[in-house]
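The structures come next, written out as structure tokens.
Next, two complexes with subunit A in common: one pairs it with subunit B, the other with subunit C.
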Partner chain A sequence: MSSIATWSSYLLTVIIFPPLCLGVVRKTKARLQNRVGPAVWQPFFDLHRLTKKRETLSDTMCGVFRLSTVVGLSTTFALAWFIPWVPIKPWSPHADIFTVIYLFALERFFTLLGAMDSGSAFGAFGASRDVTLNLLVEPALCLALVSLSIIANSTDLGAIFSFSHFSTVSLVWFCAGTSIFLTSLAELGRMPVDDPTTHLELTMIHEAMTLEASARNLFLLEFTRMLKLTLFLALSAQCYLRIWAGFATLAPFQQELLVLIGVLLMAIFVGILESLVVKLQWRKVPEFVAYIVTVSLISVFVAMAGNTSL
Partner chain B sequence: MRDFSSKIASALLCLLSLSVMVWATITWGTELTYTPPFLLGVFSLNFRCDDLARLFIFLFSAVTIAIAIFSPDYLQQYNNIHKGQYWVSFFLLAVSLLLVVVSADAICFLVFWEIMALSSAALVASDHLQKKVRKAALIYLGATRIASAVLCAGFLWMHVLTNSWIFVNWDFSRPSTYWPAFLILTGLCIKAGIWPFHLWLPYAYSAAPSTSSAFMSGFMSKVAMLALVRILVMGHLNSPYVIWTAFVLGCITAFWGVLFALVQNNLKKLIAYSSIENLGLILICIAFSLNASSNKQVLIAHMALVAAIVHCLNHGLFKSLLFLGTGAIEKSAGRLDLEYLGGLAKQMPTTWICMTVACLAACALPPLNGFPGKWLLYQALFQNICVKGAILEKTASVLSICLLSAVGALILSALVKALAVAFLGKARSTNAAEASERSIAMSVALVFLASCCVLSGLFANAMLTSVGSALASSGLPTVRVEVSLPTSFIVITLIGTSLACYFLFLHPVKTRKYVTWDCGYGSLSPKAQVTADSFAQPSARIFRPLLRYHNLSKIDGADRRHFPERIHVETRIISILETKVYAPLLAMVNVSSRSIARLQAGSIHIYLLYVCSTLIILLLLGVAF
Partner chain C sequence: MRLKELTVLDIDRAAMLQERLHQPGTRLGLITSIDGAQLITLILHTVSGEAELWHTPLQSNRYQSLTPHIAQAHWQERSVWDMFGLFPVGHPRLKHNLLHQAFRESFFPLVPGALEDSAFPHRSHTPMKVSGSGIYEVPVGPIHAGIIEPGHFRFSCLGEVVYNLEIRLGYLHRGVEKRIVETPLSKQRFIAEAVASDSAVAYALAHATAIEDLCDIEVPDRALYLRSLALEVERVAMHISDLGGLAGDIGYLGVAATLSRLRGVALQMGELICGSRLMRGFVCPGGVLLDPDNHLLQLQTLTAQLQNKILSPLNALLSNQVAIDRLDKIGRVSRRLAADFGLTGPTARASDLVYDVRQHFPHGIYPQVSLAVNSESGGDVLSRTKVRIAEVKSSLNIIQSFIDSMPAGSVFRNLPRDLPANSFGIGVVESHRGELIHMACTDEFGKLKRYAIKDASVNNWTALAIAVRSNLLADFPLCNKSFALSYGGHDL
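Entry: the complex of A and B
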């Protein structure tokens, strides 16, 4: 495929897909609640509206707030550039899993500072809950990625997702995919952990942290959030697709198509999950995360047993 | 006048560190040995300077220059510190540390080690009119005494076994040397503040002036780790018992340190605990390297050892920056309790930026210098999973990766708490509201260390290769490590996308200033902000069995749900180790010494009786044998 086509397809996916995913999640939820619901491209209009508004800042802020939204989005873009989340990318650099995990941490560091900059207790408590969740979830994500690295014998995500001898270890792909998917639910404050659609009294993490953001700042924060969701869903969708041994033999554009459909299916699944599952009490969340860590651990040990070169 | 002498002392210190740095740069790549023409008693002294020692000399120079610039203005706030005593002990500490780094035999090492221990104790006790400082100095002194005793025992034992005092001749690969190796490990661990001997560390670092905590944490604790590498790693230790003890201690230390860092409300104590965590990480690296080399996995051993040295150097830089930053806050806001700070970012922009850099580095976030060491440790652990070997070791590697990522997330939350509560939001006390940057020299020192952190982060690959070559020249078998960090790529991508985002979205837009959202109640008081305690509460709750974390809240009032009249909240943390292990031990020592003290009755007749009976016993013994 020519480089112009590659570039344009990549840029289109990176810009169009994140809002679309969120739109699909919302539409699914609306349909399950017997509502017509907004169109799937409603998030685009929401984002567009945000860019037109005038930004309001708190007079307590010291400037790190505006920096934090910018750094957050740029780190997530850098991650989208690193991680092979879609098969067709103009350039695939060496994406070491540990670097990827710590880049996610960099994004979080600035988001947390931004949330606490205004001195608002809402933001600070959101941040406090966010770090608590992350310290539980981080080992799970790390181990899930490590298990994939073990079967590929490399910590480079690019090598992992171009790896083709996996027929004996499809269980690893399944466990790792599940673990990454559940991690994304916890990390992004989605349903069994937190309800992202209510207002601040009920939403405990994300809405509380973005309370002081408005207009273009809110745009940056929301887009960061959507992009992160898409990255996680795409990674887990690829893991699931690779359970099917024939996937690696397909042409790149067929793979791309399958992955994109997979992401949308995952988004529908998130919508269904959010309609069926009730929010966990905050104190029960560690138990939920313990299951994710267990799945990751199983994944690592299966990978160790399944790697025939060991 | 007094101030003037402080400045002269600081200039001399700068000169000393600059000259050793220049010397180390000129002689880079050569191995120098020196034996002075005089003897120490009956022993000759041996010094040896190789590239590994030079790396630590570079760290010494960077840290010392910053502290020397920082000290004179910082010390002005202490009326009770005798400046002469402070500077004399500082010089003694600096010189003895340099000589410990280059000493090549046990006697020489012990002599300077002792001078170092005593002069650092004097530094801790600088402000000795305060009771808390005296207590801290006493605890620290006790710890160093025990450390030296254990270390001496180990050295003597090795001397008996090898009949040599010189480190190079000590070979720890024979089973008879396992006990001395264990003693040496214990002695050095006590000095470095490894769990369960870490108790002195938060006391000493929080009671000492920030400049001395910066020096002790930034350089002195690293020297203990260097000694571990010099004696045990280069002595080819291969006892699985000692290695696994070190490994488990390292893991517990890393986790324990960060867990307690999370719940501290005093900025200096928080940073002291994070220092414990980092020393735990370095110990994990060293133990892991020892294990790999005893399994003949040269590549993994080399990677882990490079990780240890690189993390020593980088931790020295960012930890001393953190301590100096707290010193700047202490000088302008007067207190370091997080509950009295807040909103300092606007008044102290330089300190804020430098502290943010230090915290980013301490959280091991990518473009900065905390990352390379940790990343290399992860890589070494991962390589260990991927090679043929015992399943137990692989499981240990998997669990350590799990632990390391949890520790990483915990330290992030602890440092975000410290940074955000101290610098963001509104001031929680009048002192904090009136704080400002007080001195240019102090800011210069902070900026100097912050730029060291940034540069060593950006040139991480060069640093990794030079540490590798230094280890090669020090007589360890080395291999080329082929993995390299994509630092420049990350930096370019991040800066590029950040600038693009900023200019696309935020730059030309006009903004409106308004108050923080207050739910319509009217102006928020600073007390409505989150406190350090409440920020840490959800995380601390999860670990409450380990921390003995109790949170009591009492709300009184006629209709207590809607119109509380009085709210009382109390958070309590008990250190189990201190109350359940050390307190009974100390009580036992006290009781036994009191009963032994009965022997010292103060009467000359009884003493004469002791002398007489000792003579008789000796005579009898002489007859018997």
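Entry: the complex of A and C
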């Protein structure tokens, strides 16, 4: 494929897809509540609106706050660059799984700094809850990725999610996909861990950190979050697609199409899940995370048993 | 209501009240004053359906506080201090309830002739400090994220656990009690029902009952039935709304959406009764304003539909194990504390205190119509939810039976032109929040000289402060919602 086509396809997915995903989640939730709900492209209008607003900054803020939102989005774009989340990418650098995990951590670190810089009590306890949650969830994500790297015999994500080869171990892909999906729910402050639609500051985890952001800062934070959601959903969608061994034999544009459809289906699934489950009490969240870690562990064990070279 | 008036000296007051409250079925109703020269204590007897009114003449502006002996007096004594400048000696924690910095320290609005401009005011306010390493404070409000009323909450937390909650209200103080006294009798009901518009019927009914009690007149039976009908419709609508809010707070969005839609159906029932969804301007002293005769059949159909439709969201809420886990054992109020602090309404019934004004005191067609009281023993958010659910169901049943047994006749009776001199009128009503007390008092010319209101929330606000202790900060909104407290009804 020509490089111009590759570039434009990649840029379109990375810009268009994140807001669309969120729009699909919201639309699904609205339909399940018997509401018409906003159109799926409403997030684009929301983002556009944010760019035109005047920003309000708290008196206690120093430059860290604005820096944090910029760093957050840049890091996430870098991740979108590294991670093989769509088959058609203009450039696929060597992406060690630990580099990726640390880039996620870097993004989070700056979001936390920004939250604490705002000087409000909500930002600080939101940050505290977010750190606690991520501390719990991180092992699950690491283990899921490690299980994949065991069957791929490589820690390079590019090689793990290489779109051309593979005798595959279906159960590992299934478990890893599930684990990445559930991790993304916890990591991105979605149900059952956090309610993204709540207006109650005291119950918020992720939202509490963004309360002081407005206008362009909020735009950056929102887009970062949408992009992260899309990355996670794309990774888990790929894992599920790989259960079907024939996936590797398809042409790249067919794979691309399947992955994107997969992401939208996952977004619908997130919407359904969020309408059915009840938000967990904060003390019960570790139990939920324990399930994710268990799935990851199963994935690792099956991978070790399945990998004959170990 | 049969009222026994006594004169009780300040020095005997605490001991006598303690002795009274030891008798079963005795409740402390209202503590207030008429013009700052005396204290008025209203005691309700639920067994006999009577009330006692104690006059305590005061020589100075100081009196012995009841709070050290009778905990539930603490809140009302603060309000009396704010409004009349009567200082309760021995009150363990006296602070301003209603008036804030905008008023001078010597400003007592209900003392006759007190209203004047207050320039350069400053009132101090010292929230309770919890000290210790790692304790931090989270201030919330008075302006909140949702469209709700203003109130300031200050949490002292260690980590995620709340150690103390300091509630500061009064942001909605509008001077309702004084304004009612200044208004002609025929227009008072509009102010009375606007105090807390989500319980417009309960407020209008309490006002009407108090004025009718003052004039000692009987209202036609059909009017009594219609009043109770409106009261129950209001209860159904508000309970559905509260339950929907609760479901929304735990993120059970499907149930929340369905319940907020069904609240609309309940409000539609109100519209059928009187043409106003919140039933403003329906109940008036002397009866009700119009007879919804043509709509009763339609109302019956709508009630049956609601009875049918409400089951599935309510069952979904109570059959979801995660939802139950989420609500269980959160925000507990023990039976003892509930009794000590005189809690009322669904809050009290969830803590196993079987008290429902509808069983004891005349308002609407109650207590002639028998009624089962729904109570639970857990005292937590789940119990309060269950009590509300049971009340929605039982109220819908009562509505049906009211429509079936509605007597014919007129719905209004004229009041005498003049109110009797030197008398008291009491109206006690079970609003959807619980016991609502209105008291009207006339001077020697038959002119209203004092109108006092006590919302169910006055006592129940304390329950919220108790309930959130050693709970998670993140559970506060859930606790708060489960009490469904009124800011406007408290602040007056």
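Just so it is clear, the second predicted complex is superposed on the first by the 300 of 310 C-alpha atoms of A that agree within 3 Å, B and C clash if a C-alpha of one lies under 4 Å from a C-alpha of the other, contacts with A are read in each partner's own complex, and residues count from 1 in each chain.
The definition used in the following text is that a contact is a pair of C-beta atoms (placed from the backbone, for glycine too) under 8 Å apart; a residue touches a chain by one contact, two chains touch by 3 or more.
Bear in mind the structure is a predicted one, so any value in this text is a computation, not a measurement.
Participant: One more residue to check, A:Pro192. First (subunit B), second (subunit C), both or neither?
Facilitator: It touches subunit C, and subunit B stays clear.
Participant: Would you check which partner chain A:Phe125 touches, where first means subunit B only, second means subunit C only, and both and neither mean what they say?
Facilitator: The answer is both, since A:Phe125 touches subunit B and subunit C.
Participant: Of the two partner chains, subunit B (first) and subunit C (second), which one does A:Asp59 touch, if any: first, second, both, or neither?
Facilitator: Once the two structures are laid over each other on A, A:Asp59 reaches subunit B alone.
Participant: Regarding the shared-chain residue A:Glu287, is it in contact with subunit B (first), subunit C (second), both, or neither?
Facilitator: Touch partners of A:Glu287: none, neither subunit B nor subunit C.
Participant: Comparing subunit C with subunit B, which touches more residues belonging to subunit A?
Facilitator: Comparing subunit B with subunit C, the partner touching more subunit A residues is B.
Participant: Please indicate which partner A:Leu276 is in contact with in the superposed arrangement: first for subunit B, second for subunit C, both, or neither.
Facilitator: Touch status of A:Leu276: second partner only.
Participant: Touching A:Lys29, do we find subunit B (first), subunit C (second), both, or neither?
Facilitator: second
Participant: Classify the contacts of A:Leu113 with the two partner chains as first (subunit B alone), second (subunit C alone), both, or neither.
Facilitator: first
Participant: For subunit A, give the residues common to its interface with subunit B and its interface with subunit C.
Facilitator: Residues common to the subunit A contacts of subunit C and of subunit B are 121-122, 125, 129, 282-283, listed in rising order.
Participant: Can you tell me which positions in subunit C touch subunit A when the two form their complex?
Facilitator: 136-140, 145-146, 160, 249-254, 256-258, 261, 320, 322-323, 325-326, 330, 472-478
Participant: Name, in rising order, each residue of subunit B that touches subunit A in their complex.
Facilitator: 342-343, 345-346, 352, 356, 360, 363-366, 371, 375, 378-379, 382, 385-388, 391, 394, 398, 401-403, 405-406, 408-410, 412-413, 416, 419-421, 423-426, 483, 485-486, 489-490, 493-494, 496-498, 500-502, 505-506, 509-517, 524, 526, 528-530, 534-539, 541-542
Participant: For the complex, give me every residue of subunit A touching subunit C.
Facilitator: It is residues 29, 32-35, 121-122, 125, 129, 191-192, 195, 197-203, 274-284 of subunit A that touch subunit C.
Participant: Looking at the complex, which residues from subunit A come into contact with subunit B?
Facilitator: My answer: residues 51, 54-60, 62-64, 66, 69-71, 73-75, 77-78, 81, 93-94, 96, 98-99, 101-103, 105-106, 108-109, 112-113, 116-122, 124-125, 127-129, 131-132, 134-136, 138-139, 141-143, 146, 149-150, 153, 155, 211-212, 215-217, 219-220, 282-283, 286, 293, 297, 300-301, 304, 307, 310.
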